[in-house]
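A, B and C label the chains in the order they appear, each numbered from 1.
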Amino acid sequence: MSEILPSSFFIQIQDASGNWASDFVENVIIPKIPHFPVELGTVLVMIACAGIFVAVVPLLPLVLVLAERKVAARFQNRTGPMRVGPWGTLQTLADGVKLIFKEDFIPPQGDKLLFLLAPYVIFACSFAVFAAIPFSQEIIVSDFNIGIFYIMAISSVIVMGVIMAGWSSNSKWSLLGSLRSAAQIVSYEIPLGLSILTVIMLVGSLSMTDIVATQENGFFSWLIFRSPFTFLAFFIFFISSIAEVNRTPFDLPEAESEIVAGFHTEYSGMRFALFFIAEYANMFAVSAIGVTLFLGGYEGILPGYDFLGGLPGFVIKTLGLVFLMMWLRWTLPRLRVDQLMNLCWKYFIPISFFNILGTGIWGLIFKTDDIWSIGISCTIIYVGLISAYVIAGRVFSRKPEPQASSV
Amino acid sequence: MNLEEIYQVLKDKFGESVLLLDTELSGDHSIHISPAAIVEISTFLLETETLAFDTLMCLSGVDLSAKDEEFAVVYHLYSMNHRHKVVLKTPLPKSNPQLPSVSHIWKTADWHEREAYDLYGIVFEGHTDLRRLLLPDDWEGYPLRKDYEEPDFYRGMRVPY
Amino acid sequence: MESTQSTESKIIELQPFTDEMIVNMGPQHPSTHGVLRLELRLDGEVVREAIPHIGYLHRCFEKHSENLSYPQIIPFTDRMDYVAAMNQNWGFCLAVEKLMEADEEKEFAIPERAEYLRVLICELNRIASHLLSFGTYGMDLGAFTPFLYAFRDRERLLLLFEKVCGARLTYNYIRIGGVSEIIPMEPGSIDEQNFLDEIEEFLDYFEPQIDEYNDLLTSNSIFSERTVGVAVMSAEMALSYGATGPNLRGSGVDWDLRRDEPYSIYDRFDFDVPVAEDIPELGAVVGDCWSRYKIRMDEMKESVSICRQILAEGLPDGPVMAELKAVRPPKGELYFRSEAPRGELGFYIVSDGTPKPVRVKGRSPCFSALSALQELSQGLMVADIIAIIGSIDIVMGEVDR
């Protein structure tokens, strides 16, 4: 493991074997430019990567916003946007244009600097996360050796932006929303981090590509199936990440029926759009992290074949998780703030600690690539699921359909 | 119990405070009582087992004409157990309409009394929070009185349209 | 003396003191169901006190009424509870009719056909009103989808109302002495058959939908966590505050004016009155938000059953309007109450024998139920306030009149 210094950051990009960007710059661009100082090559790689990501990644929210509206429409027996473009496909673009031309209102009593800064903090942080996500073997901006740690750190900074937005708006609803958000995100970081830790304990590396590399032997080598504890950890990770990105049933910071719109009540125009884009970017990012950590990342589902692997496989799996989030959002009501905290502190955190203990013991018993471990793990998961189903079925069947008495 | 029996019970108990049983008009017949005794009579009506008027259906101020004498508060009471009802009427002087509040006996009266205060200017003594309810706090006059004349302007806005 | 003082002053007392925050919820707020303003005194998320301020939708119904003839008042009752306007029309017409019946000299009877039409339409309107309440309650608690499901079904009902009276929201359909004939529907005609068939089709479609809504929202565990045990209104409290209708039955009082003081032709129909009970498996206690909500869901089934009974009997022949020379009740006064979807809707009418009333007071069920909010909401959370408002199901048009 190399040391984590800014200089090594550049070097790593240059040295990373199979990094398409550095290859491209070294082999194609630099030879064509005479007397090009080689040291500047890294800078060129940086610019190329950044340029591509700045161009491509903001398109994700554009697509996701439309997808969300269409998915919601589907759930609700309506058609969703249909007017702009064929089947309403250009609706988000039209909304974007509208938002750009809207009045940029700044509350006169608010803290102007913080108010202006907050959307950029959130926006920048949620996009910085994309730097460490391995979309495929080649497409990764920077393959840190501490990739997942970096992601956790950066995504925690988002809460700063939320608090800045809420505080500087000088609105009581915004303040309530931002404080709710602070409490929620800080709380749910813990089960999130702990469930990531179970993966790291099995893999023994913080690097995203290393984590993916251990899952290269097809479906059953995915970390979610490696041990019953990672299976549990995946669900804790997924639910916590919904809470992290403030979506129903955990959308208390922006609960429109309670506190109007939470921390972004006072924002309008493009600043509001930045929050909006950041929210969808976040959603994609946490799903991508979930796929990378638990669902095999860019590796295919069959050992030795590249079936559903690479970039398309990765994107399909990620969008699957995103769809699950949308499904939950349009089905479930919202939790109350104390119930939210109960869920985190009384259930998720103890289970996460139990997971870590269990993973440690699992790691002592089985080797990482032990075929037996996967078999035993899958058996335990299967038996556990069946018994959970039976127990749940009994609980729910015992609850009779409540009938009011008739006289 | 029908109205005559209730009237008899009240008359025996309270004597002078129960003024008369009004059966002249069509529709509901009412018992007229003096305003000062409303709390005692209400408590009696609620707490006596054979009466047990546990709900106040409606409390309304009434102003029948611009004259002074036809100004009143009307209580419509109902008993869930015995399924009988009674209408109490308390005539009030329009110049100084004051009577004790029954909001501690039936909580329905809380807002209904505020409404009567708001629209008729009837002051309910002992009401904990007698403010205007439907109209703005700085509105002048009591609009449902028959002699009410609407102001020309309210905060610079023309009122008659 | 001085030395003791100095030692005392060194003791630093830690007084954790948090400021209370006063927040105005409304009059423009997504889930106060109109223009209700709540003055919230908050300690963090906990509500120390919630003071309702009403009057933002006050349209002087009572003052207007004094200057209008009785038939002219009916459209104003539409604007009271605009979600269940048929029931409001009916409540007012019933009061006027009762007062006119008290006059011995003139005699008139409301035609059978009109009575059947009234019950049919008002029960459909009750379903529409409860559907709206169900949908918005889901939305208040963060579930968006039930809202659109409810509106999809309500839309079909509104189309039916449009067929019968030409309006979708403010109907002015039920008149004094009968129902409006503005869209003629001859007894036994193809129009009538089509209309009844459409209602039957809707009922066949709608009855299974109630179970689907129960699956979607009522049995949802997050929904029950949000509503079960929240803001318990005891039976005594409900009676004292004058909460009526589903709110009273949600508090466990077995009381329905349609059954206990049958007006019109309700005594001819066989229907149950849902009353809340403790449900230990769920933790629901009588009088909590969940019970109030569930009563409405069950009442929709009963309304469907009443409509089905009417459809089975068929509408009787005859006119839909009584022979009335003029609407001129005798000198007198009357308080009459009927069971609107939100509870006991009373009209207190004072007449001096002229075509215009001297005094009309609308006793609105929401008005009384809303006055309980201040006591119900103490010590709960901001999110619970929303749950309470949704569960007592207010319509501000009726509260402010």
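Some notes on this structure:
The rule is simple: contacts are C-beta pairs under 8 Å (C-beta built on N, C-alpha and C of every residue); 3 or more make two chains touch, one makes a residue touch a chain.
Just so you know, these numbers come straight off a predicted model, no measurement behind them.
Chain centroids computed from C-alpha atoms place C closest to the centre of all protein C-alpha atoms shown. Chain centre most remote from that of chain B: A (centre = mean of CA atoms).
Separation between the centroids of chain A and chain B, computed from CA atoms only, is 63 Å.
Centroid to centroid, with C-alpha atoms defining each point, chain B and chain C lie 25 Å apart. Each chain gets a centre from the mean of its Cα atoms; for chain A and chain C, those two points are 44 Å apart. Along chain B, no residue makes contact with two or more other chains. Residue ranges on chain C touching chain A, taken from their complex, read 21, 23, 29-31, 42, 45, 138-145, 148-149, 152, 214, 216-220, 222-223, 225-226, 254, 272-277, 279, 281-282, 284, 294-295, 298, 381-384, 386. For chain C in complex with chain B, the residues that touch the partner chain are 54-55, 58, 60, 62-63, 66, 98-99, 102-103, 237, 239-242, 253, 255, 260, 329-335, 337, 344, 346, 348-352, 358-359, 361, 363, 367-368, 370-372, 400-401. The touching residues of chain A, when paired with chain C in their complex, are 72, 75-78, 172-173, 176, 180, 248-249, 251-252, 255-260, 330-339, 398-407.
Of all residues in chain B, only 25-28, 30, 54-58, 60, 62-65, 74, 76, 80, 83, 87, 106-108, 110-112, 119, 132-136, 143-144 touch chain C in the complex they form.
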